[in-house]
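Before anything else, here is the set of structures, which you'll find just below.
Next, two complexes with chain A in common: one pairs it with chain B, the other with chain C.
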Partner chain A sequence: MAYRHIGQETPRPDSADKAAGQAVYIHDFERPQMLHGKIKFAEQAHARIVDIDTSKAERLPGVKAVITAQNTPEVRIGFMRDNFALKRDKVRQFRDEVAAVAAIDPDIAAEAVELIEVTYEPLPGVFTPKEALAEEAPLIHETDPRGQPRENNRLDLRYHHESGDPHLGRQAAKYSVEGTFSTPLIQQSCMGTAGCVAEFDRNHHLTIWAKTQIPFLAQRDFIQMLGAIGLKERNCRVIVPALGGAFGTGLDTHAYEYISILLAWRTGRPVKVLYDREQEFSYLSPRQSSEVKIAQGCDENGKLTFRWVDVLMDNGAYTSWGATYPTVMMLPATSLYRVPNVYFDAKLVYTNNTYCQAMRGYGNPELNWALESNLDELAEVAGIDPLEMRRINCNRAGEITPMGLQVTTCGLRDCLESVSEKIEWTAKRRQGKRRGVGLASLFHVGGGGRIYRSDGSGLILKLDDFGNVNVYYGGVEMGQGLHSALSLGVAEALGVKPDKVFVNPTDTGTCPWDVGTHASRGAFMACNAAIKAAADLRRQIFTHAKSLFPKIVAKNLKRYQKKHPHYTAPDVDVAALVDRSTFEMRDGVVRLADAPDEPWLSVSLDTLLRGIHFRSQGEMLLSHVFYDPPNELPDFEKGRGNMSATYAYGVQGAEVEVDVETGEVTILRLVASHDVGRVLNPQTLKGQMYGALAQGVGYALYEEVCTAEGRILNPNFADYKIPTIAEMDFPIELDFIETDDDRGPFGAKGVGEPGLVPTAPAIANAVYNAVGVRIRDLPITPQKVLAALKRKG
Partner chain B sequence: MTPEAYYKPRTLEEAFALKADHPEAFFIAGGTDLMVLMRAGICRPSALISLRHIEPLHQLTVGATTHIGAMTRVAELLEHPEIEERYPLLTAAARRLGSPQVRSVATVGGNLANASPCADTAVALLALGARIRLASPDGEREIPLDQFFVGPKTTCLFSQELVTEIILDEDARGTHGVFIKKGRVKMDIAQASLALWARVKDGQCEQIRLAAGSVGPVPLRLPEVERVLLNHPLDDDRISQASTAAEQTVQPITDIRATADYRRQLIGVFVRRALRQICTESR
Partner chain C sequence: MTQIVSFVLNGAPVQVPADPHQRLIDLLRGPLHQTGTKEGCGQGECGACTVIIDGRPVNACLYPAPEADGTTITTIEGLGGDNTELSTIQRAFVECGGIQCGYCTPGMILSTKALLDRRPDPTEAEIRQGLAGNLCRCTGYVQIIESVKWAAERLRDKS
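Our next item is the complex of A and B:
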């Protein structure tokens, strides 16, 4: 299928304003009379709160409110309801919020926070899952949210899958390898730090400008909170400003947001809470850490006979989406490569560490790290080339995986061959000289991801008198390029030029419901909804054209003949043509399919729209749709259900050189071949992939939030290292495999996350190929490599 | 939290007078270290006395004796063609200091007076045998740079004393200089760094100085290693001895950036690599 706009390099609609500093981020955003809120954090990992003395802070000139759990209603937060906006009786992690201040400027607010005196009675802390599971371990939560006493620190969440007979599969394996792989806490490192502005109007309705990826679920959370503070039946409107990256940090609502609402309610004035970089590092939830014990086995031909996965996760002190990583881990665990017998189980444990939230990939990089490293180990034991091992077990279109995932299209084999060719696999595997190549595949949702009752997405297209298309969509542009894909999709599906499409700011007051911009679903959902709405609008336009078109072209002809006196019009019976032909629209011009190509025999969309509007019983055209993809909410305790409408595949290859004296790994080249279904906008797609690869490289080699007894030791970019342009100074080759999936808009699959999923194991496998050492705990630091080299001798 | 005043003296005398009037005030050069400490609340000066407008501190003259004013910005040093020509070791180190943004405000004097054990220019200047000139209301004095550092973040400066210039007595043309630094990423505080300067004749070092960063309480000279190398043929055996001596001499600590053990190993590697490089260069 040939497209007019889809697949064309098109500049993003938001890039000029962002480059010029004109886009309004939460940092730039102000309201009249706005106050600034600051939070007093516990700085204690586990302690009973004996007393909070706010008197000095209250006396500081410029301070408008000081709140604690003592003088505000209880606000429970988090999907397990195990967290509180402000902590009353005890603190369970270093970053716990114990008080907050609103003042006329941020400096006064900060000074007031320092004047708050909290007396604690320290409690013993637990900082590893092992400690937390010990018999006599102190309880992080003495009771559950219903007030029932808890007996241990295990979370009441079950994620389990068994298919085939994993025990038999293990016995049937000729070769098998087992290993434990771990990943650290990772900071999402958004360019734009977290913040919000909360404001009540005089009717006690709330508006919050929030850094969120889930405006509608946030609205639900905040309305629930309004009920808890005595504002039942009041509305909350969520407006999303320009975002400087979110990467999962906007998937939950945060204590700082509830605090800004409490402060705004207390003071009657708008309140902004903004985190600086150190606060973002110290007091916001990072990516969940993990420990994955994995075993895989194969027969003498390399065919996988079983896979056994046990996941142990340090949940931290409270529950956010970090606790649901196993819902995504289950996907590759059961469905990457064809494995007949699979066991998967995940345990989560409360500790006094920071609690965790979502980040791009959401458990997939964690599981993939174990799976793809371990698969290379298995290949070696079985004496099979790692690429061949993956070919032998490659997924295929049409298969239904053990988890019940329906593979509609599958580009995995093509991705493998692409990487093999581009990385010069056969030649480079044996090059020696401390250089090596490695590869790793990935499997991820590509057609939404139903982890909630609805995986739907509403969209409104509104046409005006000038042929402009206004789009109202509840998904979030956070820098990834959603509006770029969406405007191209609307233009393509409707038949207008992309510069006539305007995507409006995300606002729960104007946009229809969307579950959130997560699970690589933004472009997939938005464009599928756009196709549906555009089809409806075209039908409306063409229906009206039946009556209006003949009159307008008659006028056109007169005007044309006036300008061109020598022109002789062909004898066309327009009315008859309208009856027997069909309308089409391209670049905002409506024609008849069977009409001769005459300059007057077409009508521009704006002329037609004015004709529809300005007449007796006129109409304005708009379309609203709700697209809910054909997927299922899995039963995660049984580990079954077709979570996504389609699935994305990809393979990455790395060539590295290892300095055996310092342990340093230098990446010489990366190749990334991804099954993207269809390229929507190559510019945006490449941007997403390069960014994801940089995050993947950071995850592989540099990034790690270090903690000691719950305290974060490197809350800044001086000591939390992400790759810069100097580290990414090597060739990156991208290849996009277009599998043209029926369920995808224009054939496209979601691709927001896959780019960072297999990078770390590809690099680790290359390191092994280069110098024969296997690192099992990320990041692959020079110190670890050197120590491993010394052990190897 | 915010200092009450920011002074901009035009002469050293004015600066000293201000400091006498405001003993709790801090001198500020480029501010790339001080501002971070102030923001973190670790350092709370009552006022700041900027050294930026004191003209003599900006003078940079290259000649038989080279004078680098303490307020010379690191970026200026890098842009100076004669510095690059005569002291490539110094430019190599300066190039690895911080980010372009930091280099465009950080000063050489500040990098020294801050007395961080990892200071990149300090390590290079130690190997180049630099002297520094200090000034106070009581007068001026000059000391070899290796007597300047006393401990982590501590120097021999008296409370009202300032670094005014760095002096290099030798024209380093025709000699060898190597700077090696490793961080967790390229733009980083050194996990370990090494500067080596040598005059080589007939395969022997007739003059040699080594200095190392981030492997002791201060930027360290390595005289034990120098002794191993001075006036001996630079063969593999000698290089290996020097490397071992370096590993034994340094006194690194373990912190979030690297373990003591890893730092020690790095210094050994750097010494080998630097010596091999000068062997190649002098062949």
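Our next item is the complex of A and C:
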């Protein structure tokens, strides 16, 4: 299928304003009479609150309100309802919010926070899942949200899958290898830090400008909160400004947002709460750390006979949606490669560490790290080349995996061959000189991901008198290029030029419902919805054209003949042509398929729209659709259900050099071949992949939030290293495999997350190939490599 | 003690009161409304607040506002023409996909300008050196480097 706009390298519609410094982020946003909120954090990992003295803070000139749990209604937050906007009786992590101030400027608010005195009675803390699970461990939460006493620190969330007979599969294996792999806390490191502005109108309705990826779930959370503070039946409108990156940080509503709402309600004025970088590192939830125990086995031909996976995750003190990582871990655990017998189980435990939240990949990088590292170990034991091992067990289109995932299209085999060729697998595996190559595959949702009752997305297309197409969509542009995909998708499906498509700001007051921009679903959902709405609009346009087209072209002809007196029009019975032919629209011009190519025998969309509008009983055209993909909400306790409408595959290869004197790993090049279904916009797709690869490199080699007894030790970019332009100094080759999936818009699959999933194991496998040491805990630091080299001797 | 600081901002003279401990970024974003200058870290580690002072790229978050007295400062707002046109470097970032979330972009573009003013024909190593102080979490830098090369080529053609 040939497309006019899809597949064309196209600059993004939002980039000119960003280049001019004109895009308005929450940092730049102000409201009349706006106050600034600051939060008093606990700085204690586990302690009882004895007293909070706010009297000095209240007396500071410029302070408009000081709030604590004592003088505000209880506001529970998080989907497990185990967290509070302000803590009343005890604190469970260093970053617990105990009080907050609103003042006329940020400096006064900060000074007031310093004047708040809190008296604590320290409690023993637990800082590892192991400690937390010990018999005598102090309870982080004494009761559950219903007030029932809790017996241990384990979360009441069950994630389990068993298929075939994992025990028999283990016995049937000729070769098997077991190992434990761990990953650290990771800071999402959005360049634009977190913040919001909350404001009540005089009818007590709330508007909040929030850095969120889930405007509609946030609206629900905040409306629930309004009920809790005595504002039942009041509305909340969520408006999303330009986002300075999100990467998963916007999947939950946060205590700082509830605090800004409480302060706005208390003062009757808009209140902005904004984190600086140190606060972002210290007081915003990072990506979960994980420990994955994995065993895989194969027969004498390398065919996998079983996979056994036990996941243990440190949830920190409270629960965010990040606690549902195992719902995604389950996908590769059961479905990457063909494995007949699978066991998967995940436990999450409370500790007094910072509570965690989502980040790009959502459990997949953690699981993939274990799976793909362990598979290389198995290949070695079985005496099979790692690439061949993956070929032998490769997934195929049409299969239904043990979890019940329906593989509609599968580019895994093509990705393997692509990486093999580009990385020069056979030659480079044996190059020696402390250089090596490695690869790793990935499997991820590519057609939405139903982890909530609805996986739907509404979309409105509204046409105006000028042929402009206004788009109202509830998903969030956070830098990934959603608006680019939307404008190209709408233009393609409707038959207009992309520069006539305007994507409006995301606002729950104007946009239809969307579950959120997560699970790599943005472009997949938005473009599928756009195709549905465009088809509806075309039908409406063409129906009106039947009556209007002949009159308009008759006028066109007269005008044309006036300008061109010598022109002789061909004998065309337009009315008859309208009856027997069909309309088509391209670049905003409506024609008849069977009409001769005459300059007057077409009507521009705007002319037609004005004809439809400005007449007796006129109409304005718009279309409202709701697209909900053909996928299922899995039963996660049984580990069954087709979570996504289609699935994405990919393979990455790395060539590295290891300095055996220092332990330093240098990446010489990366190759990433991904099954993307269809390339929508090569420019934004490449951008997504390059960016994800950089995050994958950081995950592999440098990034780690360090803690001591729950306190974050490296809350800045000097001590928490994200890749700079200097580190990313090696060639990256991308290859996009187009499997043209029937369920994807124009054949496309979701691609937002996959790019960082297999990077770390590909690098670790290359390190092993180079110097024969296996690193099992990320990041792969020089110290770990050096220690492993010493052990190896 | 508050003092009056006078400097040339994007080609026009300004006079503005500043406190001794005030940071230049707060002066720019506050009373001068140059909100295109972004604060990413406040500690000189990320480069989002890069502005050009007397031809040199400077982190506005580390620069004391009173020291701006007598200088010539360019912020992102000063790069385009008098109307809404983008400058060549800005256009390069748009055309080459060097922008995703856009939060690092103004700093990135000003570092690029400072580099290209000094070295109109930079090698890739010089580009990496010139932008080493500017962090980006979205792009992986590949299309940023392409943007700088695109801009350099067109600026050379122009001159």
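By definition in this document, the second predicted complex is superposed on the first by the 793 of 793 C-alpha atoms of A that agree within 3 Å, B and C clash if a C-alpha of one lies under 4 Å from a C-alpha of the other, contacts with A are read in each partner's own complex, and residues count from 1 in each chain.
Methods note: a residue touches a chain if its C-beta (ideal position, glycine included) is under 8 Å from a C-beta of that chain, and two chains touch if they have at least 3 such contacts.
From a predicted model like this one, the values you see are computed outputs, not experimental measurements.
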item: Which of chain B and chain C A:Glu111 touches, first, second, both or neither; value: first
item: Partner chain(s) touched by A:Thr684 [first = chain B, second = chain C, both, neither]; value: second
item: Touched partner set for A:Val445, first chain B, second chain C, both or neither; value: neither
item: Comparison of chain B and chain C by chain A residues contacted; value: C
item: Touched partner set for A:Pro11, first chain B, second chain C, both or neither; value: second
item: Partner chain(s) touched by A:Ala726 [first = chain B, second = chain C, both, neither]; value: both
item: Which superposed partner A:Ala42 touches (first chain B, second chain C, both, neither); value: neither
item: Touching partner for A:Ala718 - first (chain B), second (chain C), both, neither; value: both
item: Touching partner for A:Cys706 - first (chain B), second (chain C), both, neither; value: first
item: Footprint overlap on chain A, comparing chain B with chain C; value: 278, 718, 722-724, 726
item: Partner chain B, residues of chain A touching it in the complex; value: 107, 110-111, 278, 661-662, 664, 702, 706, 713-714, 718-719, 721-724, 726-727, 781-783, 786
item: Contact set on chain A toward chain C in their complex; value: 11-12, 14-25, 27-28, 188-193, 242-247, 276-278, 478-481, 683-684, 686-687, 689-695, 716-718, 722-726, 728-729, 732
item: Complex contacts: residues of chain C adjacent to chain A; value: 29, 34-43, 45-46, 48, 75-77, 79-80, 84, 86, 90-91, 93-97, 99-106, 109, 128-129, 131-132, 134-145
item: Residues of chain B that touch chain A when the two form their complex; value: 1-2, 40, 182, 184-189, 256-259, 262, 265-266, 269, 272-273
